[in-house]
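Labels for the chains are A, B, C, D, E and F, by order of writing; each one numbers its residues from 1.
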Amino acid sequence: MPKFSHLDARGEARMVDVSAKPVVMRQAVAQGEIRLAPATLQLIQADRVAKGNVLATARLAGILAAKKTGSLIPLCHPLPITHCEVRFEIPPSGDRIRIIASAKITAQTGVEMEALTAVAIAALTIYDMCKAVDHHMVVSDVKLISKTKKPFAPDGPPSPARRRPQPPSA
Amino acid sequence: MPKFSHLDARGEARMVDVSAKPVVMRQAVAQGEIRLAPATLQLIQADRVAKGNVLATARLAGILAAKKTGSLIPLCHPLPITHCEVRFEIPPSGDRIRIIASAKITAQTGVEMEALTAVAIAALTIYDMCKAVDHHMVVSDVKLISKTKKPFAPDGPPSPARRRPQPPSA
Amino acid sequence: MPKFSHLDARGEARMVDVSAKPVVMRQAVAQGEIRLAPATLQLIQADRVAKGNVLATARLAGILAAKKTGSLIPLCHPLPITHCEVRFEIPPSGDRIRIIASAKITAQTGVEMEALTAVAIAALTIYDMCKAVDHHMVVSDVKLISKTKKPFAPDGPPSPARRRPQPPSA
Amino acid sequence: MPKFSHLDARGEARMVDVSAKPVVMRQAVAQGEIRLAPATLQLIQADRVAKGNVLATARLAGILAAKKTGSLIPLCHPLPITHCEVRFEIPPSGDRIRIIASAKITAQTGVEMEALTAVAIAALTIYDMCKAVDHHMVVSDVKLISKTKKPFAPDGPPSPARRRPQPPSA
Amino acid sequence: MPKFSHLDARGEARMVDVSAKPVVMRQAVAQGEIRLAPATLQLIQADRVAKGNVLATARLAGILAAKKTGSLIPLCHPLPITHCEVRFEIPPSGDRIRIIASAKITAQTGVEMEALTAVAIAALTIYDMCKAVDHHMVVSDVKLISKTKKPFAPDGPPSPARRRPQPPSA
Amino acid sequence: MPKFSHLDARGEARMVDVSAKPVVMRQAVAQGEIRLAPATLQLIQADRVAKGNVLATARLAGILAAKKTGSLIPLCHPLPITHCEVRFEIPPSGDRIRIIASAKITAQTGVEMEALTAVAIAALTIYDMCKAVDHHMVVSDVKLISKTKKPFAPDGPPSPARRRPQPPSA
């Protein structure tokens, strides 16, 4: 039977202990969508061509929210993410905006909650900015798309401090 | 043609000016759902009977998030809400949890974003707590259910200061 | 049998609904103490005469924490407090610092948690600043001292808007 | 000799007690500028015409910061502002961007620190976004432009609760 | 004469510079207690058996507060903790709840303030949830229990990047 | 033509991806000034000799703000800084206070925005504390003074875990 990673032997909530996990580069991508009236979407797009403010605001809200994930989701680790981006796609149906967020970190635990939080708050920001003209928006299909990790191998020459352990023959 | 309330004459983002709006009691109710494997739901329910931690954690996360809405959604007003509650329903299908959040305030503007934020963060908290056992959860159908307002008429005897302007004949 | 104000009919956590409570002026005073080695206290006092930094830092930490109470204590209402002050007393025993904090608001609910939070965080700040020289400090006796309320009767001439309802004969 | 409003009888820091001040509508306007290389400004403007991101980001950062003023400036009151806007002007000299921020509230104390904080953080956001191409930017002349107050007289029909004290003959 | 680590040569407050300290695994355990009426404790326990909400809420509040320590205690370093747990004990006297919090990190400085902050905020949360039925609660004996550190030796196979410096003969 | 590091191919705002950058020790120093009436400065200095509260408050506000930079400047990385200090100089002209802030970190990206944010918020805190006696203060000349980096070479004996990869012959 599977075990809930956040519940201790007596079922009480706790943060998962990642103290002994290796530090690796991790990336997560999440997506979601906000369904809205075609007329609302046209307004956003008209504005977007001219000034892009609805989506620009939602993008920043999503990035800022990703950085706050550890204080929003009670048992998430606070993580100094190294990258976050939020982008939007408008499917041909013309009745929704798809939100795709990616987060990265070099740490002992992953960033899927950061990517999901960025999507959710970006979607709610679109909702907030359009709610005066559209009373029937729905945020849906918020889910994880991918989660990857790889060894941390920084670019460029290793620093002297890092080079020290290197054997002369290497 | 409808107007976007958050965009000024030149289309730049701004908070809506509510300075001259009357102070009234406002309530908003939002809901959403997280779809998960029936086995995951059974685990949550088994735990819930015993100690209720997954849903208890999600409930608190939603309430705390409602209080932070003004710092999460860029153009929302910061609002000292007077009430927030989050509850859960499990439809007979047994494959999802419905999250219903209500927020109230006595202020110059409404709290629909607070209720929606509570739903979204409560759903993501369930996701976070179950992601070790279920990799296919989806947050969906996050939407506003109702939004009401009524005059502010405090309970009980008016305070002396409030009573002072009352005409003797009233 | 007394009832817990934060638990609903099914025992689930929720904020108390204060939407219909009258707006009155409220004040709360709390206190607590940190016990430390007399030598530590002498160091603080010597510094305090000269520059007062340990207590100045603790005072500001307490005031800032009072303003964050709604985001620290899950079911507290977020409250725009109108006043907070933190002061210190050193009893003749010379082995502790007493911390007294007062908070005020004109609102629908009281500020005892704000005063208590100011005391606790001010005490922990003293702990943090002295922990390099004293490993046996203890924070104790954190409690509410008083809690009062009175009608909101602003100083000075009422504003025209407020004066309007006043009957000519009053 | 003038008195510092934030220092008590013994010179210790404290929040000013505004509990008994009347609730009035208050507005403050502040401005400041960031000086940058003409080439940097041209890049911003070229981008601005197309997508406006540098200034759109700075605008939102300023608005969000205004909402956080009470947690940034230790002795400021936490204030639920009712409006904030940030706009930009480019003087003919072509070597700087002027930032103008306005904040409003219906409260017992004013919002000049909110307006100033919006200006400062908007300026630093421009700095952050351009620092890869310009190493000599300077933020200057951040100051208050105006500060006004007027009675709170909400728009539209008073609510029944407000109307009640009104004498029939008024 | 001992030196205060947070005061510079002129006695001004500053963060301790830990930039050159080694990165090691650190753990701290703190405890404290809240004294309350036996009847209050019985209410909590009755509820706890059924749904556990008072202690569940306090536990989450403590964990969330540990993550915020760097923004609450002015001279603490902001630390991405890798673990935090909060547990409760009820001594046979039946008139208090003991709160024990543990925090861990792999970093250049320790987490004793995180553990102490978790204890203090968990205790205040119990206070907040019971204050409608008990007006004489006292938070006491908040202190550090242990503080340990050990080399960072991640579990499992070292990542390729980490393995690289390893000499072939090792 | 130079490129804006924060704008992606389509000019949309994003955080710079620093995931693959090496971890090095970084320091940044920024400065700025607040111009005020000589009489205001004399008041601050008189107080400062006695208790130092205006500058002590500004110093702590600056340090706390440095720790919040990632939540204030939208595209900044959240960074667990290892050191921050803020100091003040009063030039012979007697009409301004110069604020100098330094921040350090061992990370994949630098801390110039942290140092600049500390300066700006310390300056605004002086403004806030003196605004009752001086209505003509101006914050000016906020700029970066230096930015350096060097390899991370922790003090003292390497930990066993770190020593392991070291070749026996080294």
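Operating definition for what follows: contacts are C-beta pairs under 8 Å (C-beta built on N, C-alpha and C of every residue); 3 or more make two chains touch, one makes a residue touch a chain.
Everything quoted here is computed from the prediction, not taken from an experiment.
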A student comparing C-F to C-D should find more C-beta pairs in contact for C-D
Overlaying chain B on chain E by their Cα positions calls for a rotation, in degrees to the nearest 5, of 180
For the copies chain E and chain F, the interface residues, called same if over half of the numbers are used by both and different if under half, are different
Here the gap between chain B and chain C, centre to centre from mean Cα coordinates and rounded to Å, is 27
Cα centre of chain C to Cα centre of chain E, whole Å, reads 22
Residues of chain B that touch two or more other chains sit at 12-13, 51, 53, 56-57, 60, 64, 68, 74-75, 80, 153, 162, 165, 167
Among line, ring, star, complete and other, the chain contact graph is other
Inter-chain touches occur between A-B, A-D, A-E, A-F, B-C, B-D, B-E, C-D, C-E, C-F, D-F, E-F
Per the touch rule above, chain C residues touching chain D in the complex are 25, 27, 56, 59-60, 63-64, 67-68, 80-87, 104-106, 153-156, 158-162, 164-165, 167-168
Interface with chain C, chain E side, in the complex: residues 2-7, 10-13, 32, 39, 43, 47, 50-51, 53-54, 56-57, 60-61, 64-65, 68, 72-76, 112-113, 116-117, 120-121, 123-125, 127-133, 135-144
Contacts from chain E onto chain B in the complex sit at residues 51-53, 56-57, 60, 64
Seen from chain C, its contact residues with chain B in the complex are 8, 12-24, 70-71, 74-75, 77-80, 107-109, 151-153, 162, 165-167, 169-170
